[in-house]
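This report refers to the structure that appears directly beneath it.
Per-chain numbering from 1; labels A, B, C and D assigned in written order.
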C-alpha cells in the first residue's frame, strides 16, 4: 500500500519539477502535471479500494520518525480516502478541461493547480492544527492565483476581495490556534480531542476562534460575498474545483474541529448550516447569472452538510453515510454543472437554451439537477431519507421543516432553470464543441450514477438501481436512437409483461390500480404510434413515470413507496415539460408535487419513529399524539397529486398544454396515484381527530369543494383541453369525497371513479387532442360542425360525456347510484349539498364540449378536415367498447373489490344476485335498463324512420333564421362565452382566489430575495466587515444563549 | 511582561483591522493587514513566553540537562516563523493584485471594484 | 320483482292511458291559462289535431344524424321515465318496468331526453337552439338542487330508495303522506317542480317571444309530432314521481287522474300569476328560496 | 461615518473576545508536554542545538515544506498576476535617472558581504538563532539593493526558478529519503546526527536548511524582480 504522504509528495514534486522545464516545453509541463494528478488519484483510489473492501483499517502516517503529538501526523481513513479521491479527480478532470487555458498560461498556472489540489488533500489528511492552517493558506493563495485563469477581467477584483477575506480569517485562526495550544499543550487534533482542558483556561474562546475561522472558510451565508464573486467570475473549471474540492476539504476540517469542540458546539454548526441552506437558496431565487446561481447553491449545500455534521450526536455512525451522500452528490453535480456552463456562451440562465439539440448534454444537465435536489436514484435521496427519518424520530421538527423548505426552494429554481433551458427559443450562440470538455462532463455524469448505485448498495433500504421497472425505464436511454415504432412496441410489451408477471401478487385493490395504470398505460401508448421520428426523451420519461407507478402499487415499506412516488413525479414532470407552451405549468406542477412529496416524507418521518425501514403497515400502529399530524401531512401530500381544491392550480395548465398522448397519461392515470395513496392511508390509519375536528370530515368538504369548483371552472373554459383538465379536478373531488365517507359504498364509488374516470377522461383527451391536432386550435369557439368530418371522434366524445354525466344506461350512472346509496348512511350531510350542485353543472361543460366542437356551424377553414389519425382513434374505440361492457356488467370489476372492501367496512356490502345489484336501500339492474331503453329507443326510431323516410338532407345554412339566411359560420355558431347568464349568476365563485394566494407567496419570496441580496454590495471591504460581523454575532448568540 | 506584549499584540490586531476595514485605499488596506499580522505574531510569541527563561538554544548557557528548566516554549517560535513567512507571501500577492487593479481601473479605491455584486 | 313478457302489453296500456290523458290535460291547462288571460283558448282536442297535422306534413328535412335522432332521444326519455316508475300503487299491471331500477334511476333518466334533444338541436346549427339549451341547462343546475335535496331527505326518512316502498310507507290515511310527515322537503321539491315544468316564470328556455320555442326551433313535421307526444307524456311521468314521493301515490286510475291534475295545476297557477325570470334571476331565486328549504330538510331528516 | 462607527462596534466585540482570551490566559510555570518533550529529546534524537530549528525542520517539517511551498506559490502567482492580461511590447519603456554614486558604490561593496552573511546564517541554522528563512531573506536583500541601484535591471527569472525548483525538489527528495532510510517523511536521521553543536551535525537539517535558504532567497528575489518590473507604469 502506497503511503498517503506520496499524494502530497507527488503533487509538490511535480510542481517543483515543472519549474525546471523550459517555458517552451508546455506540453511536457502539462503532461507532467496530468501524470502527477493521475498518480495522486490512483493512490487515493487504491486506498478507497482497500478500506472500502473491509480489509485494512485507517492508518496514521508519521513524519520525522516521531510519534504524535510531538510531530505532525497524517491519517488515511475511509472518509479521507474518498475525499482525497474526489479532490484529486476533480483536479485531474479540471486540468483536462482547462487544457487550452493552461497551455496559454504556462507552467506557473500548472504549478498552482497542482499545489491547490495537493493542499486540499493536505487539509483532509493532516491531524495537526497548525499544519491545517498552513494547508488552508496554501489553498487560499492558490485560489488567488487560479482565479486569474478566467478571461473575465472582473476576476481580478474578485480575487483581491477573496484575499482580503482570507487575511481576516488568518488572523482569527492563528490567535485561536495559539491559545488552544497554550490551553492543551499540543497542536495535535486528536490530542486536543481527548484533553478536557480546552473548556477551561479560556480554551473555549480559543476554540471558538478556530472553529469560526474554519466555518468562514466554508463561505457561510451571509458572510460570503467574496466567495460568490469568485464563483461568478472565475473560470468554470476552477469554480468546479473550488465548489467540489476545497469546499469538501474545508467541511472535513470543520468535522475534525468538531471532534475537539465536542457536543456543545454541534448545535452551533447545525444552526449556521441550516441558516445558510435556507438563506442561500432563498437568495438564489432572484439570481439570473448561472454561475452565481451555482455559487449560491454551493453555499446552500455546504450549509446543509454542515447542519448534518452538527447532527452527528443523533445520527451516530450513519452520519458519514448521510453527510457523505449529500456532499458527494453536491460535489459531482456542482462540478459537472460548472463544467457544463463552460460550454455555454451566455451567462443568463436562459442562455442555456443553447443546449437544445444536444440530448446528451441535456441528459447530463438533468442528471446533475437530480443529483443536487436529491431525487432517486441518487445518493442525496438515500441520505436525505435517513436524515429526515432520524430527525423525525428524535422530534427535531423545526430543523426537519427547514431542511425540506430549503430543498423545495432549491428544487424550485433549479427546475425553473431546466425548464427555461429546454423550452425558451434556442439561443444563437453554439455550444462549445470541444470533445474532451464533453468527455469530462460525461465522466461526471457517470460518476453521479455510479455514486447512486454505491449509495443504493450501502443503504439498508435496498438499491433502487436494481429495481426492475426502473432499469426498464433507464434502458430506454440506450434505445433512444431507435425509431418511435420500435420503442413504443418495446414499451407496451414491457408494461403488459410486467403486469402479467406481478399479477399473482396483487390483492383486488392493487389489481384495479395496476390494471388502470399498466394495462391502461399500454393502451394509451397505442396513440403514440402516430408520432414520427425518434421522439428523443419521451420514452425514458414516460417509462420512468410508469415504473414509479408500478413500484408504488406494490410498495411494502415507506421508503420504496416514497421512492416510487418521487420517480413517477420526475417522469411525469419531464413528460409534461414536453408540451409546446408548458414551461411555467410544468414548473408549478413540479413545485407542487415536490412540496407534496416533502410533506409525505415529513409524515413518514413523524410516523417512523427513527426506523428507516418503516413499513406502510406500521402506519396503523402510530400512536395518538402524532397520529393525526401524520395523517394530515400524508393526506395533503397525496391531495397535491389529486389536485384537491387549493392545491389544484398546477393541473389545468399542465394537462392542457401537454402533448396529445401525454394528456391522457397524466390525467387518466397519474391522478390515480394520489387516490391510491389516500386509499393506503385511510386503510392504515382510519379517521383521526385533531383538536376535535374529524379529519375525514375535512376531506369530505375538500372533496365536495373540488367537485364544485372543478365543474364550475370547466363550464367557463374556452379551451377544450383546459375544460377537460378542470373536469378532472371535479372528478377527483368526487372520488376524494367517496373515500372520505369512510363507508363501504363510499370506497366502492371511489374505485368506480378510478376506473370510469380513467376510461372516459383518457378517451376524451385523445379525441379532443385529435380534433385539436386536425383543426390546429384548442379554442372550442373556433371549431364547430365537425360531426360529419370526424364521426368517430364524435362518437367517442358522445359516449364519453354520457358516461361522465351519469345518465343511464352507461356506466357513469353506476357511480351515481352507488353514491346515493352511500350517502344514505353517511353521518355528514352538509357537504353533500355541494356535490348535489356540482352534479348538474357537469352537464354544462359536457354539452358545451360536444356542441361547440362537433355540432353547430362548420367553419370555412375546417371544411377539408379529416378524421383523426388511426392510432388516435383506435384506443378511443377500444375505450368505447370498454365503457359499454363496463356499463353492462360492472360486476366484473367491482364484485371482488366489493368483497375486498368488506374487510375494512363489513356493513353495507352490495348484493350481486342475478342481473340485479341490490343495496340496503335500492336496487339497480344495468342490463334490464339497457334492454328497456334500447327497446324503446329502437321502436321509436323505427317509427320515425317509417313516417319520415323521405327526409332530405339540407345545406348548412338552411335554417329558419328570422326570415333571412345567415352565411357566416362565425356569426351563426353560438359558442363563445357559452354560459354567459350562468356566469352572471355564479361567476363570483370562479374568482381565482387560490391562484392569487400562491402567486402572492411566490412574489413575496422573490421580492424578499431580490431585496435582501443587495446585502452583497460588491465592495470587498464591506464583505470583510460582514465577515467580522458574522463572527461577532455568532459569538454574541453563543454567549448570549 | 507577557501581558504587556500580548496586550500590545491584540491592540495591534485591532488597529490593523480598523485600518483595513475603514481605509478605502487598497495599499493602505494591505499595510493595515501587515500591522494586524504583526500583532498576531506578537501575541503568539507572548503566549509561548515563560517568565525568566531564555531562548531554546542548547549551548554553553543552556546545557542539555537543564534545558527543561531553562528554556521557554520553542513551539510558538517555530509557528511564528511559519506565520511570518506566510504573511509575507500573502502580502506580496496582494501587492501584485493591487498593481493589476490599479492598472485596470487607474484607481486604488476598493469601492471602485464593484462590477460583481448581488 | 323481475321480468315477465306480460309486462310489455301492460306497459303499453299504461303508456296509452297516460299519453291520451296527457294530450287532454295539457290542452285543458292551456285553456285555463288562456281564460285567466281573458282569451278564448284552444279546444281540448287541439293536441290531436296538431299531431295529425304534423304527421301529415309532406315536406321534411334533416340536418344530420343527431338532428334526426334528437326527437327519438327526447321521447325515449319521456317514455322510459314513465316505464321506470310504477304508475298505480299495488297493481302488478301498472308497475311497468320499475324492476330495472329505483328512484335514482328515474331521477337521472330525466336528463336522458333533454340531453339527446339538446344534441339534436345542436346539430341543427341554429343559434337559437343552442341559446335555448344553454339557458335550459343553466336553469336546471339550480332548479334540480332543491328536488335532489328533498328526495334525499325522503329517502332518509323512509330508509329506502325504492319508489314502491316509499309509496307503501305513505298508505293508511292522508296524514301519512310525506306532505304532512315532511312538509319542508315537500315545499322544497314543489318549488323546484315549478322550475322543471317549462312554464312561467321559468320558461325562458322556450321563450316563445324572443327566440321562437328554443331548442326545438328547427324541428317540424314528424319530429315535432314526436316531441309533442313527449310534451304530453313527460310532465305526467315527472308528476307521477312527485305524486309517489310526496302525495301518497295513487292506488287507482281516478285518484291518479285527480292528483296529477292538481299537481299540474300548481305550476299553471303560478305560471299565470308571475312574469318570466331571466336565467340568472331564476337561478338566484332557487338558491335563495328553494335551496335553504332543502338544506333544512336534509339537516332535520 | 456610520461605517466607521459600525466597524468600531465590531472591533469592540472582537476586543471582548480577545479580552476573554487574556482573562482566561495564565502564563505557564513549567513547559507543557510538547515543549518538555522537545527540550528533553531534541538533543539526542535530532542533535540540533537550536531546538526551534529542530522543530521547524524536523518535528514540524511538513509545515515548513508547506511554508516553502507558500513562497514558491506566491512567487509563481505574482508572476502570473503581473503577466495576467499584460499587453506585449511594454516593459522598459522609459529611462530613469542614474542612481546616486553613493548607492552604486555601496552596492558594489555590500552585495558580496550580504550574500556571505546570508549563507552563514542558514548554514548555521541548527546551531545559532536564524536559519534558512532568515538567511534567504538576507540573500534577497542583496538583490533588493541591486534593484534599487538600477530599477530597470532584469534579473534572470530562468536562473531563479531553476534554483528554487531544484531546492524544492531536493527538500521533497530528502523528505522521501526519510521514509526509505529512516523513521518517516522528513526524518533528518538519514545522515549521522553527529555531536551536538558541531557544524556537521543534526543529520540532514543543515542541508535542508541550506536549500531552504537558497529557495527562500530565490523566491523573494523573484517577487522583488517581478514587482520591480512594474516600474514602467
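Following the convention adopted for this analysis, a residue touches a chain if its C-beta (ideal position, glycine included) is under 8 Å from a C-beta of that chain, and two chains touch if they have at least 3 such contacts.
All of these numbers come straight from a predicted model, not from anything done at the bench.
*Asks:* When the centre of a chain is set as the mean of its C-alpha atoms, what distance in Å lies between chain C and chain D?
*Replies:* 107
*Asks:* From the mean C-alpha coordinate of chain A to that of chain B, what's the distance rounded to whole Å?
*Replies:* Their C-alpha centroids are separated by 50 Å.
*Asks:* Between chain B and chain C, what's the gap in Å when you average each chain's C-alpha atoms?
*Replies:* 100
*Asks:* Quick one: chain B and chain D, Cα centre-to-centre, how many Å?
*Replies:* Roughly 15 Å separates the two chain centres.
*Asks:* Could you say which residues in chain D touch two or more other chains, in rising order?
*Replies:* 3, 7, 10-11, 14, 18, 22, 25, 28, 32, 34-35, 38, 60, 63, 66-67, 70, 73-74, 77, 81, 84-85
*Asks:* Quick one: which residues in chain B touch 2 or more of the other chains?
*Replies:* Answer for chain B, listing residues that touch two or more other chains: 13, 17, 21, 47, 75, 79, 82, 86, 89-90, 93, 97, 100, 104.
*Asks:* Do you know which chain C residues sit against two or more other chains?
*Replies:* none
*Asks:* How is the touch graph of the chains shaped: line, ring, star, complete or other?
*Replies:* The chain contacts form none of line, ring, star or complete graph.
*Asks:* What chain-chain pairs meet the touch criterion?
*Replies:* The complete list of chain pairs in contact reads A-B, A-C, A-D, B-D.
*Asks:* In the complex, go through chain B and note every residue touching chain D.
*Replies:* Interface residues on chain B, with respect to chain D: 2-3, 6-7, 10, 13-14, 17-18, 21-22, 47, 49-51, 55-59, 64, 67-68, 71, 73-75, 77-79, 81-82, 84-86, 88-90, 92-93, 95-97, 99-100, 102-104.
*Asks:* What does chain A use to touch chain C in their complex?
*Replies:* 785, 787-788, 798, 802, 805-808, 813, 816-817, 820-821, 823-824, 829-830, 832-833, 836-837, 839-841, 843-844, 847, 850-851, 855-857, 916, 919, 921-925, 928-929, 932-933, 936-937, 940-941, 944, 947-948, 950-954, 956-961, 972-975, 978-982, 984-986
*Asks:* Quick one: in the complex, what on chain D touches chain A?
*Replies:* Answer in residue numbers: 3, 6-7, 10-11, 13-14, 16-18, 20-26, 28, 32-35, 37-38, 41, 45, 58-63, 65-67, 69-70, 72-74, 76-77, 79-81, 84-85, 161-162, 164-166, 168-169, 172-173, 175-176, 178-179, 182-189.
*Asks:* Looking at the complex, which residues from chain A come into contact with chain D?
*Replies:* It is residues 3, 5, 8-9, 12-13, 15-20, 61-66, 69-72, 105, 108-109, 111-112, 115, 119, 122, 126, 128, 130-131, 134-135, 137-138, 141-142, 144-145, 148, 153, 156, 175, 179, 182-187, 200-206, 208-209, 1025, 1028-1029, 1031-1032, 1035-1036 of chain A that touch chain D.
*Asks:* Report the residues of chain B in contact with chain A in the complex, numbered from low to high.
*Replies:* 13, 16-17, 20-21, 24, 26, 29, 33, 36-37, 39-40, 43-44, 47-48, 75-76, 79, 82-83, 86-87, 89-90, 93-94, 97-98, 100-101, 104, 110-111, 113-118
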